[in-house]
Amino acid sequence: MIVVTKHSTSEEEILKLMEELQSTYPVQIQKITGSGCTVLGFIGDTSTIDMMQIQEDRRVERVMRVSEPFKKANRAFHPDDTIIEVGGRKIGGKDIAIIAGPCSVESEEQIVEVAEAVKASGATFLRGGAYKPRTSPYAFQGLEEDGLELLKIAREKTGLPIVTEIMNPHTIDKFVEDVDIIQVGARNMQNFSMLKELGQTRKPILLKRGLSSTIEEWIMAAEYIMAGGNEQVILCERGIRTFENYTRNTLDLSAICAVKKLSHLPVIVDPSHATGMKFMVEPMCMAAIAAGADGVIIEVHNNPAKALCDGAQSITPEDFERVINKMRRYTALEERQISGGR
Amino acid sequence: MIVVTKHSTSEEEILKLMEELQSTYPVQIQKITGSGCTVLGFIGDTSTIDMMQIQEDRRVERVMRVSEPFKKANRAFHPDDTIIEVGGRKIGGKDIAIIAGPCSVESEEQIVEVAEAVKASGATFLRGGAYKPRTSPYAFQGLEEDGLELLKIAREKTGLPIVTEIMNPHTIDKFVEDVDIIQVGARNMQNFSMLKELGQTRKPILLKRGLSSTIEEWIMAAEYIMAGGNEQVILCERGIRTFENYTRNTLDLSAICAVKKLSHLPVIVDPSHATGMKFMVEPMCMAAIAAGADGVIIEVHNNPAKALCDGAQSITPEDFERVINKMRRYTALEERQISGGR
Amino acid sequence: MIVVTKHSTSEEEILKLMEELQSTYPVQIQKITGSGCTVLGFIGDTSTIDMMQIQEDRRVERVMRVSEPFKKANRAFHPDDTIIEVGGRKIGGKDIAIIAGPCSVESEEQIVEVAEAVKASGATFLRGGAYKPRTSPYAFQGLEEDGLELLKIAREKTGLPIVTEIMNPHTIDKFVEDVDIIQVGARNMQNFSMLKELGQTRKPILLKRGLSSTIEEWIMAAEYIMAGGNEQVILCERGIRTFENYTRNTLDLSAICAVKKLSHLPVIVDPSHATGMKFMVEPMCMAAIAAGADGVIIEVHNNPAKALCDGAQSITPEDFERVINKMRRYTALEERQISGGR
Amino acid sequence: MIVVTKHSTSEEEILKLMEELQSTYPVQIQKITGSGCTVLGFIGDTSTIDMMQIQEDRRVERVMRVSEPFKKANRAFHPDDTIIEVGGRKIGGKDIAIIAGPCSVESEEQIVEVAEAVKASGATFLRGGAYKPRTSPYAFQGLEEDGLELLKIAREKTGLPIVTEIMNPHTIDKFVEDVDIIQVGARNMQNFSMLKELGQTRKPILLKRGLSSTIEEWIMAAEYIMAGGNEQVILCERGIRTFENYTRNTLDLSAICAVKKLSHLPVIVDPSHATGMKFMVEPMCMAAIAAGADGVIIEVHNNPAKALCDGAQSITPEDFERVINKMRRYTALEERQISGGR
């Protein structure tokens, strides 16, 4: 951490500031005296220091971090890729996970039919929403607990582990019991109290990037879960909010490269929510693999036009078959493979 | 709602589509046949229709709303300003509320001292964080339950009603009992399950705008609370996330004008979090009143340099005295008044 | 400027890097050795150093500026407000300029009628577009040279100095001869070759902020003009592009406070283009004055519904009379005055 | 185009509005009467109608386009891909162009060495900046005319056609004579007067997307050039400005899919400027091909650490060899090929 002093600050005042900082924080401080300003460098662990508080000081012009504020998620301290294994399927390393299924679970017939179709094509996991975050209180909110039951039936019939979104800390125990990977949605990425509770579980967490979260904030949200002892976090890029509104969000594929450099955690891509347009799902899946993603999560519906939510971005099982086959050629080119069950 | 068909769609297919839509939704449909495309207009209540689902249809090019998706919060159906009264103080109409206090409650001495100071200067409410949303799991997370107790002591001593942020649905009962206005933070603006639970209470809710939420999504979040029967919602603009990073966020004062036109709910401004810089607090308070806001919420700390969080944006009680006095002249110019207790 | 080295860099390599940097740049370099990384501080004038080039070095983790990259526009080196005087009217200091007129000059009758009306109400300058930047090549592009002639007639009849936008360096000589303040539009804010040519003139330049330009880039664009010797630059905040699309752009009033702190140049506000909605013009004018702006530029049209461009944001002369009268009360409250001709 | 009337508007007023609109614009108008509002549909060519002007009318609530405002660039009226041929090399259709070279031309030795290296690896075109848009007036501005001469020498020696950026309409004649593809930079994307002049030439134009331009505005900028008769426009996605600042810009690869659907023009990707980080160039090149791009433009420098600009994003000729070889496998997978000279 670097503290830059104000132009007008006297040498005496700077020495006093150094003393104060040194007595407040568990760090060593060194200084560089410039022509206009002085720079103080903090040596030691600065991850718990609140920059904003130092910024407040009347003698301080600016405070800047020179190292990342995350530890457990940091690749610098954990150079090898984290590989997460669920029900015999791996995510990370050489293994690419394909998570597929409908936006919402609607009926036993629907979820089982989709599950069987995506299983037949080679999907690694089944996704499906039981609790749905909807912008309008008047829109369909999901089948909730009944939806979880239907997902369990589909898992029973296909053997595919299930991924579904949690909306509320009240239901954590139920999710831990019923679900294979617990998804935290974009709107809850900084629901810190829920992240802390999920840190107490030992379930893999699929953590979606917030609509306007920076890459650093996203990794810090993973750090919240990991700080509690749960190190099984899968990051998921799902588009960020920008001025462009042709697509629902702007898929940030360079974020994959950034996460791979900064962290050892696996990272996957959600082209369905990112673009909101089914014709973009196929090319964005290929681009995700090319960018180095450890998987994709795709909406597949057996009758998109009748889907109770987000039909516009769902592809059919036939489309999915074509997409996964093409992805196989892309993963081979990257000397990786689609993760399958044993 | 307007549905635009694809260029190539035959007259026969369009008639079939109209029939299908009419049998699915409780609306009347009329059509305009253009040179290239056909436009279908929906007549009736479209607030529960999922645009995305219709967009999915192979014959549909585009779906557009022509009216707002909110009802209870809509000024069109409720032309008069909503005025919220808490402990004898009003927010809305002619009354402007000044909410002041520290970012975090730190000790009895601190919160009582600040409360007495802002009371003496004429503040309407006391604010103070007990549960703090922090980007880092290693940063100070607030005094939590103890913080609530200290706020109650400060209320006892000054008579100022208290405003504090809720982080977790587990604590709703406690907040309803202890707090006068429950604040929902920007990061929880779309924590829909918590919004629904708050809709079941009868406490006034201060609903901050999400970091990247549109004005429409913000009002829809209020609609979630109102749909549950709790119509006492105060909106709070606190800056949005943009590419500009000189300020912490970009304060969107034109949003005040927009909310006033679209909704009857009161709307206040948080210049401290919006800008993150104390020298901007005074001019942005004046600009908020000039823009038509129904109040401001300001961070005041008796020793900002020692604040456990967000010192950089806190002003001192002396600054606050000057700011509120200047605000009195601005409110007078707008023929309004700062709301005081009886 | 601060250079942070990579974790793995040896002491020897760091010393070699320091030598190389010292021999390349006209600065002194000091170092702070931390636990993980080393920080090099540059002492001296770093404004001409290309950060990106240093960032490239294999031993470098990060390069950060600790001081602003602008000099002539920097308040640190020029503490007093710059006051620009045009035709006996001042902008800056205690004086607030009100620039009013139609989006486009359409006819002699129109421009003279509007000019006389805004003059009668107390406007300081007349604005009007002769060359119009339009998103579509098929939209009305302005009366061009004829428009300039009509503006001159309006100036002749009212005595109001004229402000109009330049689109093309070919016309600089004509603008210098005909116009009192040359406006550079948002889309040309980084048209560096035109900025350089304007730096060679001695005309006041009204420099609009680019749609997505940071405050620093905006001041750097002023620096381009000032580096050429023309120090008469007026900055104009006109809204930035964000995800919010209820308003045309998002008016960033906190940018006024930032510019006032960073630079000595006057800064005004354009509420008409920022919001794109005439009902917001009045409150945003008041908020601009409250925020500390040195003026406003407002679209006024004698028949907005028939305006050839941007009618949606133009107010009538009657509205303008009301707005300027209210602004007088706001400027008085700030102990300032609307600048008038002699 | 759709006009929605205000709630309160009487039937009589609506009929009057329809008459007025019909007499002003060369379109047919039909109406749908809803419960709250009335919708008027315009039938005919609406591309020259100014929405903003209609929005102004006191009876109008909202105006919405239902079709794109561009014609010549519109795929609807020109279903086949446009293939541009320069010096025997094709861009578009099955052919993928690889444009490579340094950010700035620095010396004959440098540009010839890089040109020979990228030629040997299989590049299609040589790029190099002679006129450089720099944020600071104090930074290196390019070799200007001398740079053009050096590019010509490099073309002479390698046979690679040259691509370079124009900054100023004064130099158009020279560029037409000397250059094979004229690049318009992001900051000049809406320099409409220069676009119009380029529309009068018959040179291929490489049109970069503006930092904050929507896809529609970008295609409209192409339309400006095409409206003048020059239909040889190549679009180039180079990252957009968002809140994320880990990368210099956010590369929007879904824009490739959007452009392909909306327009017949070829579209390429600039991963170097988009990300600003050389380690991202390789994966983003692969992702671009996977997304359907018609080429990439990459910065290659023989000594990035000594580059006079943007070294941080330049790769070496050895890196380039590896990248282009990997791209060959990706293009083969898409059944396309890297375009080579004859």
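Each chain gets a letter, A, B, C and D, in the order it is written, and its residues are counted from 1.
We adopt the following convention: a contact is a pair of C-beta atoms (placed from the backbone, for glycine too) under 8 Å apart; a residue touches a chain by one contact, two chains touch by 3 or more.
Since the structure is predicted, the reported quantities are computational estimates derived from the model, not experimental observations.
Enquirer: Which chains make contact with subunit C and with subunit D at once?
Expert: A, B
Enquirer: How big is the rotation, 0 to 180°, that puts the C-alpha atoms of subunit A on those of subunit C, in steps of 5?
Expert: 180
Enquirer: Can you compute the centre-to-centre distance for subunit B and subunit D, using the mean CA position of each chain? Integer Å is fine.
Expert: Taking the mean C-alpha position of each chain, the two centres sit 39 Å apart.
Enquirer: Let me have the rounded angstrom distance from the C-alpha centre of subunit B over to the C-alpha centre of subunit C, please.
Expert: About 31 Å, centre to centre.
Enquirer: How many Å are there between the centre of subunit A and the centre of subunit B, using C-alpha atoms for each centre?
Expert: That pair's centroid distance is 27 Å.
Enquirer: Would you mind listing the residues of subunit B that make contact with two or more other chains?
Expert: 212, 241-243, 245
Enquirer: Subunit D touches which residues of subunit B in the complex?
Expert: On the subunit B side, the touching residues are 2, 4, 7, 30-37, 39, 41-44, 61-62, 64, 66-67, 76, 212, 241-243, 245.
Enquirer: Within the complex, which stretch of subunit D touches subunit A?
Expert: Counting only subunit D, the residues touching subunit A are 212, 214-216, 240, 242-247, 250-258, 261, 274-275, 277, 279-280, 283-284, 286-292, 329-330, 333.
Enquirer: In their complex, what parts of subunit A are in touch with subunit B?
Expert: 47-48, 50, 52-53, 55-58, 69, 131, 133-140, 167-170, 187-188, 190-194, 196, 211-212, 217, 220, 223-224, 227-228, 241, 276, 278, 304-314
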